[in-house]
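A, B and C are the chain letters, set down in written order, and residue numbers restart from 1 in every chain.
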């Protein structure tokens, strides 16, 4: 994709600023038309800027419909009518539908822009730039790295614990009570296992010099290039201009 | 450049730390004792020894004697983390790790902890290995070099971009080793760091230690058994069960003169037994369908991942004892998990007593198959060693935790504890046992009810010869009673005296050897 | 201790370097646990959303704040809420929340401000059930105010909004206030946390 804009190459901070600008705009508008335009723009960006395949995009959009559709229906029903009644008997007005559509589109925009961000950003780069550029204390920022590393481990641990319980239990549980007990016990086991690991992990980290100095160096280099500053500025200016008119 | 100047300063500082200390002792312990709680019995008692810079020493002792405790004292993790009580004097390159600054300790001494999972904190192999040098503010080019060297030494170059959650047990252990190697500390301590490594990995580690030794680094290898790797060291320090230092001298001399003691402590294998007779002979009367049959199993994690197993076939009859070997990451754990349907399984490839496993629920299988995980903590279900053994009989008899168990069950549990040498710890929490004992306990707990098949994933990793012998006795007894055993191991030589059928997994293919 | 001294001691404790590595790992672990929890209750959330709309989903809002409250309860230092909710927000962002990254950050920002304020009122010294319930309930309203605007609930009508708010506050009190204290006490009793403030204070008093 040589469209001139490769989002993967952009630093996480500039992208974050752009993301928040999009969010501000999406929240500012409450009519469908501009939001639809924004969504189209985001779709194009997702496909050609971040390189997400159409199929994948469709899947993600399908997921968010599960949330957006109920929101649409409920908003359409509960918003007091302005304008013509669409269905006689049901108090759904054209105004309400338009507002509901805007709200749902807003949700799409927020979600899609986030998908683009996640897709094109390595979390570790995010951590590095937070510590390096924003000068946040690295020990705290590393909490994010750890949490992201724990995530798949915890999930795996949860799966394995549940399996281990079943295996050790050695027979089919009878009734809801036994089932609930098994479920609860494996949840407790995963959680206390995680807590137990905290001290060991902290010890191992300090043994490797975590917290030795107030700063540290980084093997990966994450720099904000000129294009990053351009993106930041453009998105901010664009958002403010749009909101002024 | 400003940053470059700062790095140079740090580098110089590091160099002076090294050169200053070169003259003194690298390590000195004076009457060191440790207890985990103020009112408990000491784990280590009056340990005194010192190491000259550049020495290569093995510290050996039976399981639970306090080796890991000692290693953690050396890096200051204890008493900082545990809240226990240390007595005596510890000097590491002239600093006391208990109250030294983090930077000073991390630059002086590196420890590969016994449990690989507890020391990996970042998602990816390369990030993990770079973690230490980054903390010490080394300049990026230097970090890059040290990381590359450490990855190479651990045989992980090809996996540098992989997620740690997707590595095999041995792969995680290699990552743990590499992450400490990258620190390039003058003193290096390895706590059972080879326990999950394959034969090639061990050899490689031994060569690496030889190289580091030649470079003048001080090496301390902590182990429960005197195998080739342990005996490569020139000096040997031996602890006994109660945490006393009982021998300290050249490895060769001790091996010559103190063989009986070393054997008694379980640090050397017992005399080779004659082949066990009775029971276990595989071809008594072949039943209609084998107990377990794998036919043409192919498996891959994810659609685009390479196949881990390819066209694997195996038959297992009642009362047979199978050993499965293979390099790290060859797919042994994967295969064993597939046997219970713990991973998505292609139908028509694994049969339990003639029925496709894909259609049997895990509960149903668990009635007849016992499984021991590669990480023992994963399968503990109670807060007490004795209860851990009683859990399965209790569930099988449909008893609640408060109900009394039949006498013979309790008696059997006590026998097993006796056999494993865990009687003294029967009221302790399984999680607070030493590494080797955890593993023994986790393995023993599946022998409490009559299963038809027991699958064990590296049950002897990190165990001493005594523990391995005890486990082997447990298995032998089960086999004689008609149970089948499928054991994954890197140390088939432990079971040399038994009637076993051996398999080797290589490049996804399973071959009988 | 005079008011002057108390003020000074609080100021001293507000430095972020005051966190030990174990505390940081604990916060990270809780944030990760929250991530996993969110993943597992996401279908529940969807189900509730489909069945009973926003009122029904409001019943479980407390669970989303549990991790931060638990961290505060265990660590008891100024800044705990800021860091824990901060880490939690980034984790949720990278896991992909249905409401988007900006709302994850906004919610976390609301929670951290309120939690720190409530605990600061008690000088980070009182950690009884009452305080935890108060904090749990207090976390809800500000974020609700913003969420109402973001997701267009504004036009539903006052009574529905009020009902939703009440349900959320109750959920906050029960599922984040009371529950965090119960879980925290259970952890302390299990002896896993010897080095954390929660364990030390129960040992002392």
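Just so it is clear, contacts are C-beta pairs under 8 Å (C-beta built on N, C-alpha and C of every residue); 3 or more make two chains touch, one makes a residue touch a chain.
Every value quoted in this text rests on a predicted model; they were computed, and no experiment measured them.
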Q: Just say which it is for the chain contacts: an open line, a closed ring, a star, complete, or other.
A: complete
Q: If you tally contacting C-beta pairs, which comes out ahead, B-C or A-C? Let me know.
A: A-C
Q) Whose C-alpha centre lies nearest the centre of all protein C-alpha atoms? A) B
Q. When the C-alpha atoms of chain B and chain C are each averaged to a single point, how far apart are the two points in Å?
A. 39
Q: Using mean C-alpha positions as chain centres, tell me how far chain A is from chain C in Å, no decimals.
A: 19
Q) Mind pulling the chain C residues that touch 2 or more other chains? A) 22, 25, 195
Q. Counting only residues that touch at least 2 other chains, which ones in chain A make the list?
A. 123, 146, 148, 196-197, 199, 201-203, 205-206, 210-211
**Q.** Per-residue overlap in chain B, given as positions that touch at least 2 other chains
**A.** 81-82, 121
Q. In the complex formed with chain B, which residues of chain A make contact?
A. 123-124, 145-146, 148-149, 152-153, 156-157, 160-161, 163-174, 185, 189, 193, 196-197, 199-213, 215-219, 221
**Q.** Of all residues in chain C, those that touch chain A in their complex
**A.** 16-17, 19-22, 24-29, 31-33, 35-36, 39, 46, 49-50, 53-54, 83, 87-88, 90-91, 93-103, 149-153, 155-157, 160, 187, 190, 192-193, 195
(Q) For the complex, give me every residue of chain B touching chain A. (A) 7, 72, 75-77, 80-82, 101-103, 105-107, 110-111, 113, 115, 117-124, 126-127, 130-140, 143-144, 147, 163-165, 179-180, 183, 340, 342, 361-364, 366-367, 369-371, 373, 377-381, 391-392, 395-396, 398, 431, 445, 449
Q. In their complex, what parts of chain B are in touch with chain C?
A. 81-83, 121
Q) Okay, in this complex, where on chain C does chain B touch? A) 22, 25, 194-195
